[in-house]
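Paired with chain B in one complex and with chain C in the other, chain A is shared by the two complexes that follow.
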Partner chain A sequence: MTEAVDLATLQRWMSHVVRHPKVAETAVKSGAARTLIRARRVLAGDVVLPNERMQPTDRLDVYGGAYIARLVGVIRSDFPGLEHALGEDAFCGLAEAYVQAYPSRHPNLNQLAHALPDFISKRTHQPRRAFLRDLARLELAMSEAFHAPQAAALDPGSLGAVTPEEWEHLVIPTHPSLRLLATSYPVNGYLQAVFDEREPDLPKRANSYVAVYRKDYRVWRLTLEKPAFATLSALANGEPFARALQHAGDSADQVGHWFQGWTADGLFIQP
Partner chain B sequence: MSLEKIVREDLGIGIGLRTTHFGHILSEWPDLDWFEILSENFMQTEGRPLHILDQIAERYPIVMHGVSMNIGSVDPLDTDYMRELKTLRDRCGARFVSDHICWTGVDGTNLHDLLPLPYTGEALEVMAAKVRQVQDILEAPLVLENPSTYLEFAHSEMSETEFLRELTKATGCGLLMDVNNVFVCASNHGFDAAQYLRELPWNHVAQFHLAGHSVYETHRLDTHDAPVCDEVWELYDLAHQLSGGRSTLLEWDDNIPEFDEVVAEAHKATRYRGEVHAG
Partner chain C sequence: MKKNTSTILSAAVAGIFLGTAAGCGTNSANTSVHDVNVEKNACKGMNSCKGKGGCKSGDNGCKGVNSCKGHGGCATVEHHSCKGENSCKGLGGCKSGNNGCAGKNSCKGQGGCAVPVKH
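Presenting the complex of A and B:
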């Protein structure tokens, strides 16, 4: 006679089995699963019923296979550059390992890859780790910018009445979608080449600075020189205008030009 | 809105709103009765999809269909999720909110799949308590869909239709009857799909889903990537006769064809809907 399994035990057990990297026949014998429901019971059809075509573990595999395919597919859609750099098989291996290490804990799949750059950083055996991490940071920033809260851009006309004294202390908030990345590899150029289907080679190490933001519901990437990046980062960190200017160094005379461009790009919102 | 009103309001024939069709819809504003949105695609985001939904919701009735309520789980209801869901409902003026009779995760981990429940008294109690909680938050009836399933639990104490009848009786919730899922499950588990339909509490059925599925040697898989098969149309015919007419939606989520092709597939339903109306 079938022994009842309480719902909490059943769900914890099935969660382990479905998320296990191996097929269900192996998964049901794993330590985590066995402590909840004995493998012998499962294999005997005492938990999941067999039918004439499928054993209990075959039926569990339908869920296990779909689980990893779905989550890898979600990561693939947001990280085409990373997939290009790694090749399909290595990319799938990385994505599967990531999903094992960081199972989703959010109802929305757009949060799934939040820790992918950190995960790559920790894979000490991963060839080209620093480059791949930078590339993943850029693609994650694009996804974050896509989903970021909406806010009305700064109307440059509204600054007309600001006095020179007020400018000094003025803090101008940046758009919630803005992400600023300093990277050790020129990943923005690499990613653009991937989008353009130019089959780029993996780039050599070189410091690079990128702003990622959303304007008119499209995500944009802007390569910056270091002084401009430092100035924009200071503004994004809430530094008053006068203090942020100091980050421009020898390029201080460029700040007006930069600011005009950034404002036109919608990088600032109303104070 | 009361369940009776939701059930009575036949919105006609709709399709699932998909990103790939945004451009066509915004340029053509095609003639279509209504759209169903995947709720989570418009939550935790204020990007382009939400901006487009705002425009579409001004012109078409919207129904919200979610996959992450996790209502059959032993985990407590995710109140942040519910708050966002309600905000979206109010923003797009959705006629009603639906999700699935399933669980999607436990202990905070989300598997993002519609996982099967054992049909037991305990599962019924867990679900009923959470359905009541959801309905209190939404201040409206929740509508729940029968999922496609690929396994059955040995300790189930009742049939799926018995579970649905008990759930609707205990909570007053609505049902979204996915006719393709009935066929897929009947094939996978060896029950009579027509009999399943005859056993439903029809006064709770608010909507139909139609979709295509994939056939494997050992089972059928609900893939939403193909036209509706003849057997599912036959079942829809019966479901329509039994219900007297309900809002009907075609789902197409993979290998999505052009907008007009999806709508043409959905409009095949008029053949069956017309027969009831003429009768």
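Presenting the complex of A and C:
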């Protein structure tokens, strides 16, 4: 009688087999799996029992397939715009290729798609690659914004005693959820059209600027003009107030409007 | 400091103080909310869900962020059991006082309004 496999070894082996990119028949013969349990034992039904319909490797493939499918599903849940742009089949192909190239390494699946925009950038055969990368950046930013740490919004009352000279040098931190994206395609409008079920065409190239942030547990997207984007980016980069405002242009009314909105939306936090 | 620079700085400072008084974002008319993303993400990524098929689609499964976080439970059906569930949709809607979105059906559950920026 063959010696039983201890649970810890069985678990490690199962993990290797399930996460292997190929089918179980190949996976059980891989080096990592074989060092734990010999493939011959597996194929003989000594580890995973066969049943009347399925061989041991067929049964393992259920888990292997489900593992990839769940990861693809996780990506799909965060990238509905990308799926719309690509179509379901192409999206699944992209997502499967991604999870093979960037296997899940963290217990928190919210981090799974962290490199998806870069992955798209490197797919030289991918049609509309630049647009898709920008769209993925926007949707990734939305996911990141949702999961970013909490922070108390700026209370302007606490700045009442700040002198004009001090304002020039003041650094006002931005909210941890704030993501600022400069894109080569107007992806925010495209994404909104997808949400509105307007079946948008893929947009033409045009520079676009978007702030993504969370307020009251909701993720918001704000299209910005370039000066506003540059100003907010400078603040987010920790530049002092007066220096950041050098990007703002000459319209005091406009600048006042920006800051009123940004403050009300909680984009600034206590210095 | 140059006069115009001083004017811009003053305007920015005034905007910050007015931002409090406004209570609601004046940017809101130009802003879109993605509620669907919120409910999905609220469920996704929990260890309890990992590899088992996402979050449950029961009425309370997606209500509120906190109720999903950490104890959303799992379903043995497909991952997207949250997606498109009425119980999940429309929880956030648009900000109160948001003139751009208030009262519009398009805000409910689909992510608010997309209004071109007019700066």
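Here is the rule we use: the second predicted complex is superposed on the first by the 226 of 271 C-alpha atoms of A that agree within 3 Å, B and C clash if a C-alpha of one lies under 4 Å from a C-alpha of the other, contacts with A are read in each partner's own complex, and residues count from 1 in each chain.
Note that in this section a residue touches a chain if its C-beta (ideal position, glycine included) is under 8 Å from a C-beta of that chain, and two chains touch if they have at least 3 such contacts.
None of the values given here were measured: they were computed from a predicted structure.
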Which superposed partner A:Gly189 touches (first chain B, second chain C, both, neither): second
First (chain B), second (chain C), both or neither touched by A:Ala101: neither
Which of chain B and chain C A:Gln150 touches, first, second, both or neither: first
Partner, of chain C and chain B, that touches more residues belonging to chain A: C
Which of chain B and chain C A:Leu49 touches, first, second, both or neither: first
First (chain B), second (chain C), both or neither touched by A:Val171: neither
Partner chain(s) touched by A:Tyr217 [first = chain B, second = chain C, both, neither]: both
Contacts of A:Leu202 with chain B and chain C, given as first, second, both or neither: neither
First, second, both or neither for A:Asn110, with chain B first and chain C second: both
Residues of chain A that lie at the interface with chain B and also at the interface with chain C: 66-67, 70, 107-111, 146-147, 217-218
Interfacial residue positions of chain A with respect to chain C in the complex: 66-67, 69-70, 73-74, 76-78, 80, 107-111, 142-143, 146-147, 154-157, 159, 164, 167-168, 188-189, 192-193, 195-197, 215-225, 228, 241-242, 245-246, 248, 250, 252-265, 268
Complex interface listing, chain C residues touching chain A: 1, 4-20, 22-28, 30-38, 40-42, 44-45, 47, 49-54, 65, 78-80, 82-83, 92, 95, 106, 110-112, 114, 116-117, 119
Chain B residues within the chain A interface of the complex: 40, 43-48, 50-51, 68, 70, 73-74, 78, 81, 103-113, 115, 117-118, 120, 122-123, 126, 150-155, 188-190, 217-219, 221
Chain B contact footprint on chain A (complex, rising order): 2-8, 10-12, 14-15, 18-19, 45-49, 51, 53-54, 56, 58-60, 62-63, 66-67, 70-71, 103-111, 146-150, 214, 217-218
